[in-house]
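Input: one structure, supplied below.
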């Protein structure tokens, strides 16, 4: 059932999504105008409702729609790569993850989704304006209680705790390894996201030089498949490069 | 710290993994001979230890190594596809998932990893020998307490409960939709995994005919990238087709 | 050396190409204004020249630039697919090729380039406006002397000669096979270009039912690689589906 | 019609190919035993014949089957890449091409096929044993009359003539550019084939530093599509990395 405070989207018959935070009041919805929250609260997830004379389905937002709602661009970690990072870091409820490089918070959402309610994501970001934008996105998603955002440089920050996993999205993640050595638990995992192959080489070599094991680099390509009256085929639309992913597992010291 | 009962693997200097369940006793390890569990219990995760005159790192197994330890084949859902299924189903701790078609339990592990400790996976499988093999794999992984395995046909089974998500790995998943209608909650999600494009068409059309929304089909291609002294390049080894993934979200009825 | 009548392009320092047919006269060049042909005639291929106060390199056009100069779109056979068609049809100077479905003449150019000066391309096209547009492109490329364009339907046309190879770009190429049977020489080859997988099935099955051998279907994916100061990576730009290619070799009858 | 001296293959009902050079005599065929050439000479290309109690189709070999008959491996340029090289070099009958790095002659065959009968391929190869193996393959294909094989180093060789295009398959093709400068005609084209991304960077930068234009790097991925009774899907078999292709066009000097 949809409750006050939920982040929801209205889906129209052209698959467009209109977003709102449910309130017992009139709410301004971008692209739609003003909508009465009282007509939505108490409905089932996925209910069909009529608003402003048009039909919509109303759905509670989850991580995939939240990520898709952020503007695309080379600088955003896409769902395909976020899924692989979450999975190959082995994240579970209760894990504590360090993230560096917040971007617009897309990967942050995916990490949070995997470790809540008992786990935590600590994000370190140098640029205040990136941090502010990500904070808005995480708050809107209702995930702020599980998130610890710190302005700082992951190459020097003193975290004051141990983490189970580290996810780096920055141009030179290998330069953060010596500092990360202080926080990542034995047996913990690390991921790095970089766009260029020379960065893959530096990442892989930097990890191996520091004794990391199970060092793997990979690229995800995801194609949408379209079913239309004439047949089935891959989409004519963009299937482009996003970035490379590097993973490793940390041994115990000594 | 590694404890009695943990499923661990020994990693040698050629990246081979040798698996054992920790006991305070001598344990037979396939490919290695007999090993003294007492020497491993109490070590840190990722510790270096000497066994039978050779050096190993000892790691606690997590979902990715567990999946990689199952034999490959067209019939097994690979980590790249499992990661996407878990992510696009929006799974979190506490969710209840119905799986049909257990294979060797590879996807089951990934689903369990995402929803434990407060969630549950219910798997329906027709073939007893598949169920038995999967049960061995899930028990070995210590995930059995969160798992409800039932011998039966997802096209007719009476589940007796509601689920948040459904993951189907069977040749004709669209034929299960009418029965699934009784169990999948409003707003819940479904995934289907099929190898052929004509099955993608039947899956997409079957979902749309029943009013499912946000119907998407996609294919994941994952390339390993190798860093060697001469340079960086994609692996010369196989990057082949596995299957197509179809996703949809269920509206509320009426 | 560049001669009167040559089709050339001017390349500016932003890699833009401006096209003209060389004349001993002032020539209007789209995007540039009027240019004096006398200043270009007699120059070496690839010469640097100053026109209208700007520096250009002047190059004689060949098949790849000609194809790239046609507007893109799902309906145009791209260089990557044209290269594969020409190659897998085994074309050489002297071969006679039947093409059906002219599009804008992109594949026609590639076929002509492979078989001239002693060979010939016969193109059959139903739609007069497509034929007219392709004719302009082929004439501009100076390839018209080797080309026989006929308005008609390849499913019924009487060609009046035998061909070494057939290249079909039409929605239902399998329906043309019975008629093509009258023209394709024993041991000759056929290619079909179709966007959808169900068409691949119909094409492959249609060929096999008629006794064709070495029936192969494939898809080409081509990624541009970018070298920039920060490193090397695949292009962020589109790498999308174009079409599937089906090839076969015809046995002798009886 | 099949003539004495033709290189042909027998195709059995399992799509296996058995190769022989036609003679008016008994011929030993690897994998088959001894076959009477007189029964094949005079048959149509693609004819069905009975040999040693089994049915075969007999086909004249062309470039694609010749390339497929060479053993595969990272060191052989595959048909997909050869097709792109021939096409993007803009080769036609009459062109003269310099090739360096002969491998087993796979690309040589593709280049020869494109420029004969009036053109020529000059191949420069340092290693005598590679040259000898390639010579056997080219002679068998009947292409030796159009081929000029020279033992030597393309970085220092004095070619004594001008060429329209250059195709390099060697680890450090950029080191050959200064010498090639003496042979490649203004407006001519060059291709380089390298497995690693760092080599792509060196190739692209080496070309740009020497004033080459239209410098492009790309990778071809080719997937086989299978049509079987259950449906249509990409092959489960290998789709791996082969190499990157770099192309450029040479300006006139001065």
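Odds and ends about this structure:
We just call them A, B, C and D in the order they show up, numbering each chain from 1.
Simple rule for what comes next: contacts are C-beta pairs under 8 Å (C-beta built on N, C-alpha and C of every residue); 3 or more make two chains touch, one makes a residue touch a chain.
What you see is a predicted model; the values in this text were computed from it and never measured.
Considering the contact criterion stated above, the chains in touch with subunit A and with subunit B alike are C, D. Averaging Cα coordinates per chain places subunit C and subunit D 21 Å apart. Taking each chain's centre as the average of its CA atoms, subunit B and subunit D sit 44 Å apart. A separation of 47 Å divides the Cα centre of subunit A from that of subunit D. Residues of subunit B in contact with two or more other chains: 197-198, 201, 223, 231-232, 234. The touch graph of the protein chains shown is complete. Taken in their complex, subunit B has these residues touching subunit C: 197-198, 201. Against subunit A, in their complex, subunit B makes its touches with residues 11, 15, 43-48, 57, 59-60, 62-64, 79-80, 82-84, 86-88, 90, 92-94, 110, 113-114, 116-118, 185-188, 197-198, 200-201, 204-205, 213-214, 216-227, 231-232, 234, 244, 249-252. Listed in rising order, the residues of subunit C touching subunit A in the complex are 74, 171, 195-199, 223, 230-242.
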